[in-house]
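What follows is a pair of complexes built around chain A, which joins chain B in one and chain C in the other.
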Partner chain A sequence: MSPRPDSTANGRSRRIPVVAIVSAALLAFVAICALAQEIIAPKALEQDIYLGVVGGGVDGHLFGTDQLGRDILQLSLAGARSALAGPVVVAVGSMLIGFFLGTYAGYRGGIVDMLAGRYADLLLALPAVLLAIVVAGLVGRGYWVTVVVLIVLFSPSDVRLVRGAVIEQAPRPYIESARVLGIRPSRIMFRHIAPNIVPIVVANLLLNVAFALVALSSLSYLGLGVPPGAPDWGRQLADGRQLLGDNPLAAVVPGVLIILTATAVNLLGDWLSDLLDRRVVAR
Partner chain B sequence: MTSDGSAAAGDGPMAAVDGSTAAMVAAPMLAVRDLRVASASGTIVAGLDLTVAPGETVAIVGESGSGKSMTVKALTGLLPEGVRATGRMELPGRAELAQGSSGLSGRAGLVEGRSGQAGRAAPTEEPAGPSEPTGRSRHAGSSGHVGSSGHVGSSGHVGSSGHVGSSGHAGSSGHAGPFGHAGPAGRSGREIDLAAQGTIWRDVRGSRIALLLQDPFTSLSPVHRCGEQIGWAISGRGRAERVARLLAEVGLPADVAEKYPFQLSGGMRQRVAIAAGLAADPDLLIADEPTTALDVTTQHEVLELIAGLQRERDMGLILITHDLRLARSRADRIMVMYAGRLVEEGPTALVMDAPAHPYTARLAACDPPITHRLPVLPTIPGSVPQPSSVGAECAFAARCAFAVDACRMAEPALAEVAEGHRAACLRPETAGLPVDVPPSPAETVPPPPAVAVPLPPAATVSSSPAETVPSSPAETVSPSPEHSGRGREAAASLFHAGEDQGIPASPLLSVEGLAKTFPGSAVPALDGVDLTIAAGETVAVVGESGSGKTTLARCVVGLERADTGRIDFHGTATGARRVQIVFQDPYSALNPGLTVGTSLAEALRAAGRPKSEVGELLELVGLPAAYARRRPRALSGGERQRVAIARALAPRADLLVCDESVSALDVSVQAQVLNLLADLRRRLGLTLLFITHDLAVARQIADRVYVMHHGRVVETGPVDSVLGAPAHEYTQRLLASIPAAD
Partner chain C sequence: MLAFVLRRAGATLLLLLALSLLVFGLLYLAPGDVARNLLGTRNVTPEALAQIRARYHLDDPFLQQYWRWLTHAVTGDFGTSIRTGRPIGPLMLEKTGITAATAGLAFLLSVLVGVPAGIATAVRRGRWLDRVLVTVSVVGVSAPGFAIGLLLLYVFALGLGWFPIYGTGEGFLDSLWHLALPAVALALGLGAFVVKLTRAAVIRELDQDYVTFARGRGLSEGATLRIVLRNAAIPIVTSLGLMVAYLFGGTVLIEVTFALPGLGSLMEESVLFKDIPVVQALTLAVAFVVSAAAFLVDLSYLLIDPRVRARAVRR
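And then the complex of A and B:
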């Protein structure tokens, strides 16, 4: 028997597809805007009340202004921060819960598994937006309150996903050998199983970023997320609604940005999980 | 590239076939010319001709990676992405054959020597008639024009118009073309460019060629009922009746139609797959290791079934297998592949009893006999090279005991050694010579290039007195005889440091009344099993799949908990030092993400041993210590299994359980690993519980054997008496199912 050549490690699969490059470039741009908001969009909140709402191209406002006379371009660039920070925290937070709980439940089974299952069922049964509204009513509204609510709401599907992947790995001979060798369960879980479920974790992480972006934007749109006036694409979309006659770009630009960013994250996630998957599978 | 070799291979014998003999020959139903398969990383199949006559069974044998599966995938248009084929395939319909060769419609004799030979010779042969323009164009894609450019013109032949030239053939007397007798152009027969892609294959697969795979789970859809799947290839009305008839034909009850594949046993699933394959009434059935996943008795039944269906339908059968015994018992002709090349072909009796290629002879020798025990199994040193790494030389030269300088100058062409029997060897007369000299512990194998399997010195049968130890590449540490001897002794002594060497043969493990029923299952997996193993003993547990062997093993190592019964270890060890296990599949035995060294170090640490023993463990299983840095990906199956064994040895457990640990390996590798286990047993006083479905393997390794059936032990005793004079009816049945016993 000779080892199979790692056919996926060479040849055509080495090339990074254009889609992935474009997605990554777009996300990098959004990330830079989010990090360097003060430099890139210093005048985002500057109101030009004397100007009022104008359409695209007027007075150096490429995309026009909103009802407060703020430049749509600057405002949208500034909105990158809330478009990225919250969703990333939501995805990472819920995946952390999912990863630990799911791994533990999947590997150990028994009562832990049952409790985790119940927890997931319960949360999946709750209507997300309603819950967010209730929590906002109780705790007060705010971007980060919404983020925490979304973490809790997103976690059950991550728990299930990880649990399933772990259950699939657990009966493999190399895991069973480790058990017979008396290797500590925590080590088996995090040293042996975890690396082999990374592809699915990463893919889902990015998927969740996209979902959370849409969810957060929707909640902002409903007035539950960011405070009024803060730069946020969902908020802009809501405010832009009334300006459709004067400056449709006030709504279109943030809308397009939400779609583009969410799609880019998704596509990148697909590609990345494919790549990682092949790495893990290649043997 | 080896186009020269294969072109020459075609040239050699054709002169021997003159027009008149060829004209008498029955028409092959499949003729493949100069099949080449390549991927980005190089050649996979380097030029192969193949014919199958109606009703004939051709076995393709060879070790893993020799290109067997790629060959059949190329013939069915199922090559994986990034892998391309070139070559031509003629596939006339059966009706057409019957018409064209009306005088030869009787099938008798089709499969015998001459017909097979001429059929093979024909594909590479240009028509004998000097003035045959059409015939020439028809052969445009053959060996003279390797590469896709040669095939561009041939696409015109794809489809039913493919026989433009054949009417010319039919007219010319005494031509040698395989399908010259085929009727006028426009009939359903066709010549297919193997480089073609797309829809043409749907037709070929749908109605002409059916493919049966090793694991029916991969070919059957999990979400459709079996009846539905069988019906997919049947169009029009009367589908339900035909499905019912097919099910009856493959010996399944009618209610299977309503079941899903997962509700069936392995043997039943394979029957469903056969029924689905036969639904479109194919001319040719290609079975790629159809029974490898099945136990002996089921294997026997499925093969009988296929043989019966083949007779009824006069179907051609290509049987891909690594099991020489099976090929011998089923095939009319055998083709032996090695590193993507055809090295020998001929009638079964000739190839098996008078092999003309040393590889065939060595391979056959590796197969453990069922009738007696060999002190050391013959092995083939080294391992199969990557097809792409073979230059202008005999691909087997590095491992051949008879290699001479000429073998390394050019690739030997297939040449006729007897009627219909051809081998690609410069010294075919040597193949039958014995190479087995008694093994001496001082012997080493030439350390092969990075991918090869270095053998444990003691387990190696040297193949040549003149064998030398070439200087090793930097990475493979080839222990010099003395050094390796010391290393092994040191390693062995580790295992007994402070232990009593002369342990009396008291029971180490006793199992009493073990019973287990899996939830949701009606029948118990274990139904009151008693078993004892004395220290230093090797005990085999044999039986069909589902007999409870694996459940027993898993209970012993603690991976499964029995419902009732006792398992007592009488040694002083606890935990991981009591018992370890080696599983079947070498490919999932190791964590793909960790290096060999990390895996072993982890096992050592869990057992409270120093990490520094990693090198000794590797040496113990015959691997260079440098392998510690490799990842499983860079190891062959045999090497992985060695690492798995090394890992199981790390805690120095009293008992080693091997659950089908050699059944996923090629015979030559299996022999190496069996020798290794026997050697370890000798040196370390290891106690083995060996689970296997292969009685011949049990014969080689075990002192005593337990035969299990339906969760019970039906017979037990010394291996010689149980397998030599079986008392229980079930044991007799098991023995009778072994192919060679046919």
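And then the complex of A and C:
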């Protein structure tokens, strides 16, 4: 990461930038919607077939309704749950695999390293989203199936990241001396090296969440993620595509929500990785 | 130098072979019976089922099936589509044009805008133009293409009426007009990625000692920048290779959004219908194009970087 002379020179780096605060606030709002879905959006799935699709402002529906007469605002707020739950599980799951496998591959090398490397090479030649579409489409549809598929597809890049960081640490004097002292390799790996690569892991975790959010909503958009009728932004966009003429807000609201949420997660991740990077350098 | 090229070509072929096995194996193991899928909701008699299984060689051992598929695929014969009953080779070929045009347009757009913008931000690091462009590029990287596509469709096609809502158009200019919105939707994420990468690469070079030295010697800022750009070219070109993979992932969603009858839509329909031969053929084709792009990127190092050239000759 590049140092920013302007912000470090005059000490402004101590202050949390506005962008980060706004992003965190937005994410907090989405998280509250996800956790308290039943309280915040109790009528999300209530259908009104007789009403059908209406535009914004009609009949007390601020953003109108979809083809089943469901309130777009309520549906969008309820969609926060599937927009956060899956991506967080994907990011954490793939990072756990990356952390253990990558640390082992980086420190011990050998067959684990070789296999992990080849696996990553294979997946690099195929776009992750495309492979996810193929696998999710054929293995079976369902939100959590898709989540597992994404963990498998995301983990190689995390393994690679952690492996690189561990290889960078391994020749340093503190590891050398630990080895000379006769400390067990497993203890060196997870007590001595691990704390030093945590910053990279944490920063990358957020970037993974953003990527998983986009991937999962893409799959839902194609009808491969959440089951039909479930509140989900990707799904709403797919439905809204048909309704652009009748109620464009049915597509615009979830579309803007996906873009804002993914951007907020990425901005926060960038800021965090800059911050942790600088701290590691200062150490 | 020839040895370098041959070694890279050999490695690429090996990778493709492994990928073809992976793709075939994955779809071989996929749940669901192809024969039943073929018969659809019609009355399924055991005889009809057996007939279909024999026609598609579904009862052969796995490796035999793989070998038959691979040897045929190499000659361009990918078998028959289950959904349409047509040979897959021509089916794919007739859809390639739209995808290639959209992806090519998006690639051009993102490089022509992304690289200069990345250089501009790197040179003005920390100033307002840099901050604005970097934040915008984060939005571009984050936003999924289909969401952007729908918003573009709403604003520029439905709202303002500047662009057609669907269709592919006839003739060059009309096609360009029809493919403009899909290409922009695809290019936005890509271009943002190019901006970020170019910026990082140029900044890394600007921080090198040789830049300080060049400036100290009294070289003009333009001449210094020329040296910097040449050095920054390698990571940028590498990322252009990676972008090809990204393009293929994105094109499925974009084509579905804009109802373009290209390879991406074919992939979506085939996956939903479990038309496994088509999915296999398409996945292999994508793997081939992506690997070929990576191979070309490797070769381009020889042109860009004299150090790589020297190493390749020495070996």
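Criterion: the second predicted complex is superposed on the first by the 254 of 283 C-alpha atoms of A that agree within 3 Å, B and C clash if a C-alpha of one lies under 4 Å from a C-alpha of the other, contacts with A are read in each partner's own complex, and residues count from 1 in each chain.
The working rule: contacts are C-beta pairs under 8 Å (C-beta built on N, C-alpha and C of every residue); 3 or more make two chains touch, one makes a residue touch a chain.
Predicted, not measured: the structure shown is a model, and the values here were computed from it.
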### Query
Which of the two partners, first being chain B and second being chain C, lies in contact with A:Gly137: first, second, both, or neither?
second
### Partner contacting more residues of chain A (chain B vs chain C)
C
### Query
In the superposed arrangement, which partner chain does A:Pro173 touch: chain B (first), chain C (second), both, or neither?
first
### Message
With both complexes superposed on chain A, which partner does A:His192 reach: first (chain B), second (chain C), both or neither?
### Response
first
### Message
Applying the document's definition of touch, where does A:Leu181 land relative to chain B and chain C: first, second, both, or neither?
### Response
first
### Message
Does any part of chain A touch chain B in one structure and chain C in the other, and if so which residues?
### Response
2, 4-7
### Task
Name, in rising order, each residue of chain C that touches chain A in their complex.
15-16, 18-19, 22, 26-27, 30-32, 125-126, 135, 138-139, 141-144, 146-148, 150-151, 153-154, 158, 200, 203-204, 207, 242, 245-246, 248-250, 252-253, 256-257, 267-268, 271-272, 274, 276, 279, 283, 286-287, 290-291, 294
### Query
Touching chain C in the complex: which residues of chain A?
2, 4-7, 19, 118, 121-122, 124-131, 133-135, 137-140, 210, 214, 217-218, 221-224, 237, 240-241, 244-245, 248, 251-252, 255-256, 258-259, 262-263, 265-267, 270
### Query
What part of chain A is in contact with chain B in the complex they form?
1-7, 10-12, 172-174, 176-184, 187, 191-192, 195-196, 280, 282-283
### Query
In the complex of these two chains, what residues of chain B are touching chain A?
39-41, 63-65, 82, 383-386, 451-453, 557-559, 575-576, 579-581, 583-585, 587-594, 602-603, 606-607, 632-638, 644, 647-648, 650-651, 665-666, 669
